[in-house]
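I'd like to ask you about the structure that follows.
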Amino acid sequence: MNKKVITFGEIMLRLSTPDYARIVQSTHFDATYGGGEANVAVSLAQLGINAGHVTRFPDNELGKAATNLLRKYGVDTQHIIYGGDRIGIYFLETGASVRPSKVVYDRSYSAFASLEPDMIDWDEVFADAGWFHWTGITPAISAGAAVCCKKAIEVANQKGLTVSADINYRKNLWQYGKTASDVMPELIEGCDIIVSGKGDAKDILGIRPQESGGNELASVFIQIMERFPKIKKIVNTTRGSVSATHNTLSGMLWDGQQMLETQTYDINPIIDRIGGGDAFMAGFIYGQLAYQDDQKALDFGVAASVLKHTIQEDANLATVEEVEALLNGDTSGRLVR
Amino acid sequence: MNKKVITFGEIMLRLSTPDYARIVQSTHFDATYGGGEANVAVSLAQLGINAGHVTRFPDNELGKAATNLLRKYGVDTQHIIYGGDRIGIYFLETGASVRPSKVVYDRSYSAFASLEPDMIDWDEVFADAGWFHWTGITPAISAGAAVCCKKAIEVANQKGLTVSADINYRKNLWQYGKTASDVMPELIEGCDIIVSGKGDAKDILGIRPQESGGNELASVFIQIMERFPKIKKIVNTTRGSVSATHNTLSGMLWDGQQMLETQTYDINPIIDRIGGGDAFMAGFIYGQLAYQDDQKALDFGVAASVLKHTIQEDANLATVEEVEALLNGDTSGRLVR
Amino acid sequence: MNKKVITFGEIMLRLSTPDYARIVQSTHFDATYGGGEANVAVSLAQLGINAGHVTRFPDNELGKAATNLLRKYGVDTQHIIYGGDRIGIYFLETGASVRPSKVVYDRSYSAFASLEPDMIDWDEVFADAGWFHWTGITPAISAGAAVCCKKAIEVANQKGLTVSADINYRKNLWQYGKTASDVMPELIEGCDIIVSGKGDAKDILGIRPQESGGNELASVFIQIMERFPKIKKIVNTTRGSVSATHNTLSGMLWDGQQMLETQTYDINPIIDRIGGGDAFMAGFIYGQLAYQDDQKALDFGVAASVLKHTIQEDANLATVEEVEALLNGDTSGRLVR
Amino acid sequence: MNKKVITFGEIMLRLSTPDYARIVQSTHFDATYGGGEANVAVSLAQLGINAGHVTRFPDNELGKAATNLLRKYGVDTQHIIYGGDRIGIYFLETGASVRPSKVVYDRSYSAFASLEPDMIDWDEVFADAGWFHWTGITPAISAGAAVCCKKAIEVANQKGLTVSADINYRKNLWQYGKTASDVMPELIEGCDIIVSGKGDAKDILGIRPQESGGNELASVFIQIMERFPKIKKIVNTTRGSVSATHNTLSGMLWDGQQMLETQTYDINPIIDRIGGGDAFMAGFIYGQLAYQDDQKALDFGVAASVLKHTIQEDANLATVEEVEALLNGDTSGRLVR
Amino acid sequence: MNKKVITFGEIMLRLSTPDYARIVQSTHFDATYGGGEANVAVSLAQLGINAGHVTRFPDNELGKAATNLLRKYGVDTQHIIYGGDRIGIYFLETGASVRPSKVVYDRSYSAFASLEPDMIDWDEVFADAGWFHWTGITPAISAGAAVCCKKAIEVANQKGLTVSADINYRKNLWQYGKTASDVMPELIEGCDIIVSGKGDAKDILGIRPQESGGNELASVFIQIMERFPKIKKIVNTTRGSVSATHNTLSGMLWDGQQMLETQTYDINPIIDRIGGGDAFMAGFIYGQLAYQDDQKALDFGVAASVLKHTIQEDANLATVEEVEALLNGDTSGRLVR
Amino acid sequence: MNKKVITFGEIMLRLSTPDYARIVQSTHFDATYGGGEANVAVSLAQLGINAGHVTRFPDNELGKAATNLLRKYGVDTQHIIYGGDRIGIYFLETGASVRPSKVVYDRSYSAFASLEPDMIDWDEVFADAGWFHWTGITPAISAGAAVCCKKAIEVANQKGLTVSADINYRKNLWQYGKTASDVMPELIEGCDIIVSGKGDAKDILGIRPQESGGNELASVFIQIMERFPKIKKIVNTTRGSVSATHNTLSGMLWDGQQMLETQTYDINPIIDRIGGGDAFMAGFIYGQLAYQDDQKALDFGVAASVLKHTIQEDANLATVEEVEALLNGDTSGRLVR
């Protein structure tokens, strides 16, 4: 568990309305900073893993504040670079019951989007690293970000790092003239572990289920592994949305042979739903590093994600002890004195 | 959908305790302004309907702030008049679970209560209007308010406006020497559409069910329509109170022939229960104007009211798109990115 | 109902994170003051009972603020003494759903812990009192506190007060060289009524069930009463923890002959779980004084405790009318206008 | 210093905008409760004087909260009576620099205004009292309040209490058909000590200066004492308003022979200007009781008032030690560690 | 005073740190919406002038919230157009004493910056208008905005409106390939009244003082009027910065013949310095419309600006009565009861 | 400027009342973490200096939160050790005008106070360090802390680090049986630079001025240097307290030959006075490292301290650019756009 885990991706200023207010009602915003990949790094650091994040911030007070948040939670920020126009922003209106949360993105023209290929020296970044994690959001942001990501994967592969990705298709991104199908396959080729759902597989890779019912997802994962032989494990979570504040969550993992599954957790009320998937990924990476047991890693990832839903802001601040308590069946939330 | 909808009634300063605090615990109050009829106007304006509200405020900072709130949400305030002693106030202690919300009224001697018959020129108010909406609260406040309301209905009838009312019996009002039975019938006579429950019918009109079981309410509505032949539709909502923060809601409409019904929604947690009925009325009026289909209008009204329960302050700020998403079956509150 | 109820025990400064934040996230704390026995006194005062609390505070701003809180809610504070180093503190991180609330205690070296036997003149304290209530937390804090408590019970017995105790075993206390089994029995000897669960009986008295199933608890209570013949009633509550924000609650009472039971309440969401047991005790004492009917007293205690879970801060601020409304079956939380 | 000081007057709910916001901007209000005479009682209690306040509150949550505030600060509330419609309210918009603070009163029809002469048993109230303090606001509120006040003074005179009054002319009150000149003289007749400025003397008593310059005020006080021979001391403070947040303050006392004066203090910034005069009165009463030295009492009163301007809410929470530190010349506000 | 005043310019979301916090410290931002020209419109509306603002917002929640703010304060928003990517944002870190306030702009790529010439129908906008006001910020934002502004001035000139401008040179804008000297002169040509300082004249028009001392500024204004014969009045304010929270302010007006001047006001503390110049302009326009007296208009403008410094958010919410009270010499901020 | 600066000392949880509230009024506290030496480290890190802090925290949420604060601001926390009972706490009531701020300490029995000599491996701590800074607070806390401090100085001397100390006499500490005169001299012996005022020299070293007037302080410093020949520079600041919110500040340095002095700054209002001295020390250390010019270092230190007074929380967050702007004479606080 000693080698560093490096994550790479954009971090945005998150401005959320307090107390379930609508944006048009709100005269102030709670401010934090987050992004899918950085959330994984923060979460790993809370689990005791040596984690570093690579991104680009504008050289102003907001870039400084975002860096500080990562440092606060123990993430190595030495490879962050500064420059460009602005930090991406997203406004979050937190929903409740039948009213969904709503995100208004204002992330165009960001310092990260204007990344250029040679800005990051991946050899240096990966000098003491053992794992690299990226998501499908990064190559969707800009051509420059996509090329940077590709270089990162290449260097990681050369150096023998484990490479994981949440391939995550966001149709509102991909505005720079290329599609996910154009770009993603050659990035996925370099991965050892991916997170993918049925929809991602179809939208990004054009892969559709060949069976239905219980074997539907397995049939998708089999095709993915055939096409990308480096991939050894495909994981996924299933979310049941009872309401904006009440979800269920479970996870599954295909190791090429069999589908491992977890129990289904009930989460009610949800305190902050953002970053649930990132918390899963961090928990799963922790599990891979700590247990060498896919079932335990998967269970840990899902339990970590469930806990994240009860914690404010983007990143999971649960500790190993807390995740294990939940894993050991304590879902009752009894007061810890 | 072009003609203006005019609402008429008192607006109070609402002072509510934050975070479920009791009034005796609270060292500050959240402040907003609302009233049953104004809530309908605000909600209609969010749905894209041209809406105006008529009321009377004291000529001070609080009257100004209340006017500003209506303007903020796009309600026409040109016919508001100023004068009198004070703005009515209500203190709201928000309950949770088995503890009910509690309202402490301080509305006596208000600018609205001291309305006199000739203060409002209804001919001018209704110049470009197509619909007039009032509630049973207005004539319950004072003799002057009751006379004003009666004149409004008369002028509305002369000018051919649709007239709707939520007849709403509040037994703690009616303190000025007349009873609801004295005053309300001649006001209801001028209505095309009313909201009435079984209790309102009994308390105001002395009408009791002649059948029981499934036809009980229909038997009440039939009697109402016999007595008030101008009424073409009677609507009502049914609220199931599981707890202060968990309700169910459905609606029904009697068109003289048949009872239309909606699905029953589950609302948990409730963020703000005040104005649920007003949101229904606004949604129903919108539906009448937009769809010319009673079932769709009723469905829209109930879905709008359900959404209101998830929105802070008195008035419903949901848009047509949001209500339609819920109508189309999306009760899961999935994140909208 | 005229004689005063005296409670005795430590009061701590409670610093809780707002909005379910974790302690590591929080840049401010909500502050209040509470302690098991004082919570009983505050709650009794809201129920109209003449109540006084005896404790020791440091002679500084925090001791003054804590005194003020008791006075605010009508508790007699004339017998509080001042001196010593510091006020005990506890930090509360409020959990939600599967994440439990967490308490970080910082109560060592407190003014109360350094109580010495002669600091309190119990004859004077009990001059106009009819009931004395203490808990198992007090003798667990320090040798001095234990001796003070013993003297209080002795004087109370001499003067013929009713003595009640929540015997409450907290294994993290008892750090001063004696165990609960060393100290508690001679204190329990002086009691007329105790609150005890199965675990407390085992940990403190070494008493284990002699039967299983439905009669398990009765078999424990029978043994307690055999050993402590002054005890006439043993009460207990049963909490079901669905999650940190969703519990169930019921109560039972053994009067030496039979086991009385209450209905089981569902509490969802919980607003503040701290002080639930104290609210029960206060409600039960109120019931004993007001009704002379064990079933009614037990029912009142449980309903009071249920309401407490919906009220912020340590002490129950529900009134007799509110508890009775719940007792009369109104669990729906309908708006009280 | 053992006998109780009784104060009598209305207490209002004060709703103030935070952070210098205007009322039309503000979406919440800070809430506290205060009134000129009650502020004197609260302040006296902080100075260690046994103080009680007599007033009338509505029998609702707000009357309860107001009572609690007095109790919190150690004021005896046993003679408060409950009934009537509502609690008086005032809205406070806090000014800064050249923008003055603005008060919007909403105090008509209050529980206090509807006081009737026999509601208060002054013999009982004054049983253990040595001092009675009232202000010119009370008889200005309603005929009933004026008669109550008159009875209080009569009984106080019979029982030999010291009677003090801040005669304080508020021209916006006195709406019930009588003027200050009609009512006040017979109340002032019963006083031993009054606070009066030049304006009050003219508006209430028709007394105008007979000299100008340095002897102007003395010439007014001489006339007052001639007309009201029971009065032994007349005190007054002089406020210099540099801006809404920067004032100067000094005091003077006429004992029939000479004019005592204090230094002039500079107060910048002012945190809360409300209750400055009440803090002076409380400090002066304390000084009279503690020192038997008019100069020291006057100095103490002015220093107490100066400190009040730095303390939030209506009442002065400064202790004797703090006032004395200021009296001893420490105006530098050096950190007390 | 009946014809409408139209203002035109960008409105940004303003996110400011509360309580003088630095951006890197702050976990939330106060949110409002403002812009130089819109601030003039809001201020005019508070002074009772019929005012409308023209701008472009993105068609999202933030554009809606900004529109609502204008409506709230009574500004006509019917000519606002919707479209484009984002709303401009500025982050404000409020300074104190020797620490200056700091603004971090994030206004590139805004909906307003991407305005195209034909998007606004100025004939319709000016249909019922009598005055048009713009500032030097608008043409500095983008080529499109500059062309729109030029068209507006042309149409305003054709229709005989009074045209005013605060020519305001911001060197950090003007990024689109043209300089102020390229663009501004032909816009200034259409103006009747401008606000200009010595620096603006030099930076924009290359005009330098030809005299020094007391006649320095007059020598600049004389040159401006020679070059732009339509201009009849040039106004300016002089700010003395003692510290971030303490300024002085005075104004002057050149009418072609003489230099009118106002008194110098002391403002300490400043509550919100943003929009001070806009408040002056609004006050001056009000004065021109209300008084037909340049000295009174100038005095009114400066007093209005001084008051603005004591009011939170961008726009001046002072009323005519409040400005006149200050004009009449009441700078003491005495409590208004 | 490359070698690390190491600071050593206790960090406390600081709980301060917001908005100038008194502790007895406040229902919440703002929370941060600070201590004299750690404040120096945080401030140095903002100035771009590589800084690390050594301390001991309890192994709980509060120790974790305190560590996070240091990390957030870029301080190296790798040598912090964990264990012991509790974190020291201080409560801060922020004063204004003539009311001083008040600190209630609750720091006894802290993790730091129970430090034992061998807990810290100073050889490892100082491996890459060039400067060691401590204060007179540390040896005043406990015998263990004093011994640790002594060892640190010894190792620092062996390794050739520059050693600086703020010798800072706090009479309320030194409770463990030794006096400052017992302990401090042998610690001061190892120092190169100290901060000392006249009072510290007398209280700690028994050194009194041998001259009066302008040479008074020099006469003290000469004696100190005679006694401690390693000391090369003695610095000091002079604070003028106009009020709690208005101070003046200047600095002086004795280099054995001459007394350098700075200008006197006016600070009004003060936002947060805590940590003013620490900010000076950090600024002075920065100056020593960056400029090799005592006058410039002294000027930088004083300007840094002045800026700190305008910044919330314990540590100075000003950057080099900001301090230099003030040094360059910009005390006007003009808005930086």
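Going by the order they are written in, the chains are A, B, C, D, E and F; count residues from 1 in each one.
One rule holds in what follows: a residue touches a chain if its C-beta (ideal position, glycine included) is under 8 Å from a C-beta of that chain, and two chains touch if they have at least 3 such contacts.
In UniProt terms the chains read A, B, C, D, E, F = Sugar kinase.
A quick note: this is a predicted structure, and the numbers were derived from the prediction, not measured.
Superposing the C-alpha atoms of subunit B onto those of subunit F requires a rotation of 180 degrees, given to the nearest 5.
Note: centroid distance subunit A to subunit D, computed from Cα atoms, is 63 Å.
Put simply, the C-alpha centre of subunit B and that of subunit D have 45 angstrom between them.
The distance from the centre of subunit C to the centre of subunit D, with each centre set as the mean of the Cα atoms, comes to 42 Å.
The set of subunit C residues that touch two or more partner chains comprises 18, 22, 24, 27, 68, 102, 269.
In summary, the structure contains touching chain pairs A-B, A-C, A-E, A-F, B-C, B-D, B-E, C-D, C-F, D-E, D-F, E-F.
The residues of subunit D lying in touch with subunit E in their complex are 19-22, 24-25, 95-103, 105, 170, 172, 241-246, 269, 273. In the complex of the two chains, the subunit D residues touching subunit F come out as 18, 265-271, 306-307, 309-313, 317-318, 322, 326, 330-337.
The touching residues of subunit F, when paired with subunit C in their complex, are 15, 18, 22-24, 26-32, 60-62, 64-65, 68, 85-87, 89, 91, 93, 102, 104, 106, 108-109. Across the interface of their complex, subunit C is touched by residues 68-69, 71-74 of subunit D.
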